[in-house]
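The next part holds the structures, each set out as structure tokens.
In what follows, chain A forms one complex with chain B and a second complex with chain C.
And now, the complex of A and B:
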């Protein structure tokens, strides 16, 4: 307690810049919560590695667990210039990834909303596009579907494939329209991806909303 | 020099007269009640100050009280949600659901939060719980400083003295009683010794315990089962009745206590090697239970300390022994002191130190009606039934997870279950073919 006042939250120095990074009102309480969670996951170290996510039992159930964890270390999501995967992330990076799941605020204007939506979709796009070439190919999509269905002995690989192929065909028809018999569909680019989701409200499906905890009179 | 001696004598006289003697006789002088009353008033005042301070800081933000978490969980089931987003064969929608669930789990998961202390909604003037709260006013600080002085300079030595007296008298008393030949007199005396020492130890923690439904108290030849929050659970229960403890043989002070007490009363202590052999353990416990003159055994089926907001999976071993199960629910009030032992963060000594410098340990103990295993139930179902009863009475949530997750990873069998669920649902929706 180097501070004269008691109980000032012990969040690291760099976090003043973090709030500006998040650019919308994230309360300091939420940052404190996330910081505590970060410390718990990192076991009091300054950075998190992939292995640290193994300690979350709820996450084990998730079929796309691998992709989610991967997303935390994907440099494209961390807004870094370079490409590829980071070895470890610090608290600022952690918050950057968390910011993709911010809920919409009441006071956002059109442009902000649009940018918001694009960011969330970009995050999702990166999850599919595992080789970082800017396109979701049929093989990449098949990978995702297989992962979703992994572990179920009753579902054969063939069924997974046919689901993937069916979905790709639909995507192609939305993006390119009717294709000739010789045309090969390269893959879904980000613009096509955006087109597919036009008109569908994804913002409310892709957020994690914090509850506001109040110091209510809890004694009797 | 003489002054010190006189003060020392006075101190011992006060402790013996006001605390030890009444506990031996089982009566209460009302000192702890007065203390608790003052404490409650002070904490109420502090909370009101904090509220006033908080209002000044952030005037208008919608606030919602929370029971058990910091993020809003969307309770829509997997099926409904995917149906909502489903458009022809579009599997992208499924990713949303799992992505969000994944993030929710990363921000806060139901299980690991049980292995750390419960967060208080209102500060109780202990430094250690001061996580969310900021500097409010001078008066509050002054009260807090007084609190620190009271706790560390007055309460701590008092409690330490009492604990020392309690443990010493337990060892000495049980050794003496243990010399007697087996008879009803011996049993009676051993009960008296155990009860007295328990009472002294509870006062050493400034414990205020409310027992409910005493008519359901465990009888001889039964098995008492309770949720586990800390090592002092056993003392809380033995304060009101005598039990035969079950546990592993330790070294050190604990080992001395174990060796002394087992002479007076048939506690069941296992060597480390014996614990691994489940059949041996079950056999010994069965023999104990079969003897209707022996005290009920006390077991904590969770196997590890949980933070008293939920009840985790009960290990089925205790429920295979047979006999009548007497469930007991223990719920601590976190406002006065956190009883949870986070064994990965604190060792036993620092844990005891924290307990002794809290305000008090306040808890409610409910004795539930006895339960027996039904004809068509197996041990696991029976364990779950008992667990539900305990959770419901104590106001705790039930989690199907294993307390062993504190240290180990999720078993693969659990994972496969969930994945099977998901694929079954896909097939049903006709997404295939």
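And now, the complex of A and C:
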């Protein structure tokens, strides 16, 4: 803990935006801890690039590793107006991404809750929609399923394909209902995505326990 | 007008029946039987616990394990000591009738009465359908507090014989708790692993597969009880551990058998337990002492409420999803006592506990009160408080994909944060499971099957079975969606199947024809089933079909095969019967280059029926099909026969040498039905690329 005094962000540039963003969610303790982690990943630089994520050993086993790393650099998640991928991110951006995983709070009202939920689902949507066109096409969905199954090298692409096709058809029938044989379902838009996630409580599931205000911070 | 069963839970009615039966027997002059403890613990309780453990919803259970453990262990301890202590005070003040009851006896009584009973909780909570979280909290607590009850019971029973109790004894007692609970779990895990391993080799004798599940579970229970370890925890651990591996190994019919047997046995046990409770009430010797009984009842309720309040306040500091006061009320109110308490009380012997009858009376009163009053009023209270009810969600493939995606995402984020949390360890356990454990315990190909694929196959299987069962009746399910692969992937890539436009009417006509023909062959299906008991050709054929499909696809990629049929034959019913794929659309001939093999089916020809072999090496009657030397299995055989008379009903007349199972499979899948199945995009016979 003594080491933490060094390099604690006094007031990072653009701090107003950071603090307003995370005003209720993250304590200064946790910002410190995340900063330490950031420095470890960036090897004491000010920014992280994609290559820095290779230094995390456990991430190797994750089948959707590529998408996760990509999400950190996705400008839409970083709340920047432009589109595309950023080359490198600084600590403020790192915190922005982490803020998507903050847990629900007791004193939220309906509207806040709804916004909260939409934010998280938007993050997920951006992960599925890799070409940034605002909808998840069949090819992208197939890509997702293939990545999920990528840990099994002996499987063929056909199985992943048929699962993705079946899932897409199911999504189409949920979102649009009856379709004639001539209609084409372009892809899953964000509204359809919201419909699909109705049954799952994303606000309680999508959080990292670490960002809970009362949790004891980890030292390593 | 609400019927009786809407107001009164089943357990209450059963107790009343028991009372009546007991009264009847007594009235006749005979001695009614009492629920003996060994019958209860050896024969009546295990089926219920096994049923609960085998079908335990693992995900919510593990997510809330901390909360459940705190309620089970700390809550029960608190109840026992609080109640015991207060009853001791009551006894001291209660006059000559109660003075002689010592502290230990009271503590023993407290420990017997304090445990929430799984049988009673199951019986009541099954009917009120509250949300999953509350259900698993109360139910999990009732299962896990068995260890505490066992330890306390034996401890106090032993101590009652001692002259003096030292600190060492107390410490040993505390340690014995860990031994009992962890030992029970260990025994359960060992037997679970053995059962899973055994099921790996049962592919030739499917009939006895259910037996292994029951046998090993019961042995786990008995072994644990033998060493005074917690039998309930052993049973639960065995069920939980063996389930994923056994399910992957056994046939579909065995799975159904296990499910229905467990439900049947647990139902019977539950009924018997409650009836016996009623009879025992009438039959037993009672000693009614107003002070004792009323104060027991009162303090039981107070102890439960206080315990839940304090513990929830503590637990909420660590929970993400906090427990609201409504939840707390339901948890406190759902603390029902049941037959376990009665049987434990019955086990006390007269020499050391002369007040046994009084204890039993008090126990029965508390049981009656909780089951009748709390059991009956919990349902209107749930409605009144608008507690969230259970949502009936159907597992869909989309949800499965999303859930897995989310799991991996959260694990990834935890790794990036450097935080070894819940997801990290779960992921590690999964990887260990996949790498080592599954290879040992699951037979054959399925050991490498990822969860998503397994889920998908299960759903396909379910839909196929539903299709067969409803296909002949001609009723179309109401929530029909006409979404097909064409709707989502309309582009004709050269590698994809050609999807010509077939008008809706023709499609409908073809489907109708297929459906009616399927109906007529239903009789044949049944007669096959009656005789095939040991071998399960339906399912074997299904598995083999899946395997073949995989291999066929491989072959397809090598050979670039496709099926061409002269377009003008589309309308003939014979042709439509001949089509096996789930896609009723016709195929238009593509422009072919000379090296692409062509398989022609010409059913209308007056010559002898040609047999068309797709994907097989012997190109009998087939022109231009290059032999494929490396393929050494039979492949899918489609035989098209010209029906000899116009009145032939069969969709397919079984060809010689063709396995009946294959035919049945083909018949079953030939009717795509109006519902889209996931497999529609991937037809039975792989089409050309």
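We adopt the following convention: the second predicted complex is superposed on the first by the 189 of 220 C-alpha atoms of A that agree within 3 Å, B and C clash if a C-alpha of one lies under 4 Å from a C-alpha of the other, contacts with A are read in each partner's own complex, and residues count from 1 in each chain.
Definition applied: a residue touches a chain if its C-beta (ideal position, glycine included) is under 8 Å from a C-beta of that chain, and two chains touch if they have at least 3 such contacts.
Worth saying up front: this structure is predicted, and the values here are computed from it rather than measured.
In the superposed model, A:172 makes contact with chain C only, not with chain B.
With both structures placed on the common chain, the touch criterion links A:68 to chain B and to chain C.
Touch criterion met: A:55 reaches chain B, while chain C stays clear of it.
When the two structures are aligned on the shared chain, A:46 is found in touch with neither chain B nor chain C.
Looking at the shared chain after the overlay, A:85 reaches neither chain B nor chain C. Look at A:138: by the touch rule set out above, it reaches chain C but stays clear of chain B. When both complexes are overlaid on chain A, the residue A:32 reaches chain B alone and has no touch with chain C. For the contact definition in use here, the residues of chain A common to its chain B contact set and its chain C contact set are 34, 37, 40-41, 53, 56, 58-59, 61-65, 68, 98, 101, 124, 127, 144-145, 148-149, 151-152, 154-155, 159, 162-163, 166-167, 170, 196, 200, 202, 205-210, 212, 214, 218, 220.
Note for the complex: chain C touches chain A at residues 317-318, 320-322, 391, 393, 396-399, 401-406, 408-424, 427, 431, 448, 450, 452-453, 456, 480-490, 501-502, 504, 507, 550, 553-554, 676-682. The residues of chain A lying in touch with chain B in their complex are 5-9, 29, 32-34, 36-37, 40-41, 53-65, 68, 98, 101, 124, 127-128, 144-145, 148-152, 154-155, 159, 162-164, 166-167, 170, 196, 200, 202, 205-220. Chain B contributes residues 40, 43-44, 47-48, 50-51, 54, 61-66, 69-72, 81, 85, 87-92, 94-112, 116, 120-123, 127, 130-135, 141, 144, 335, 401, 405, 409-410, 414-416, 418-420, 422-424, 426-427, 431-433 to its touches with chain A in the complex.
In the complex of the two chains, the chain A residues touching chain C come out as 34, 37, 40-41, 53, 56, 58-59, 61-65, 68, 98, 101, 103-104, 106, 124, 127, 138, 144-145, 148-149, 151-152, 154-156, 158-159, 161-163, 165-174, 176-185, 196-197, 199-200, 202, 204-210, 212, 214, 218, 220.
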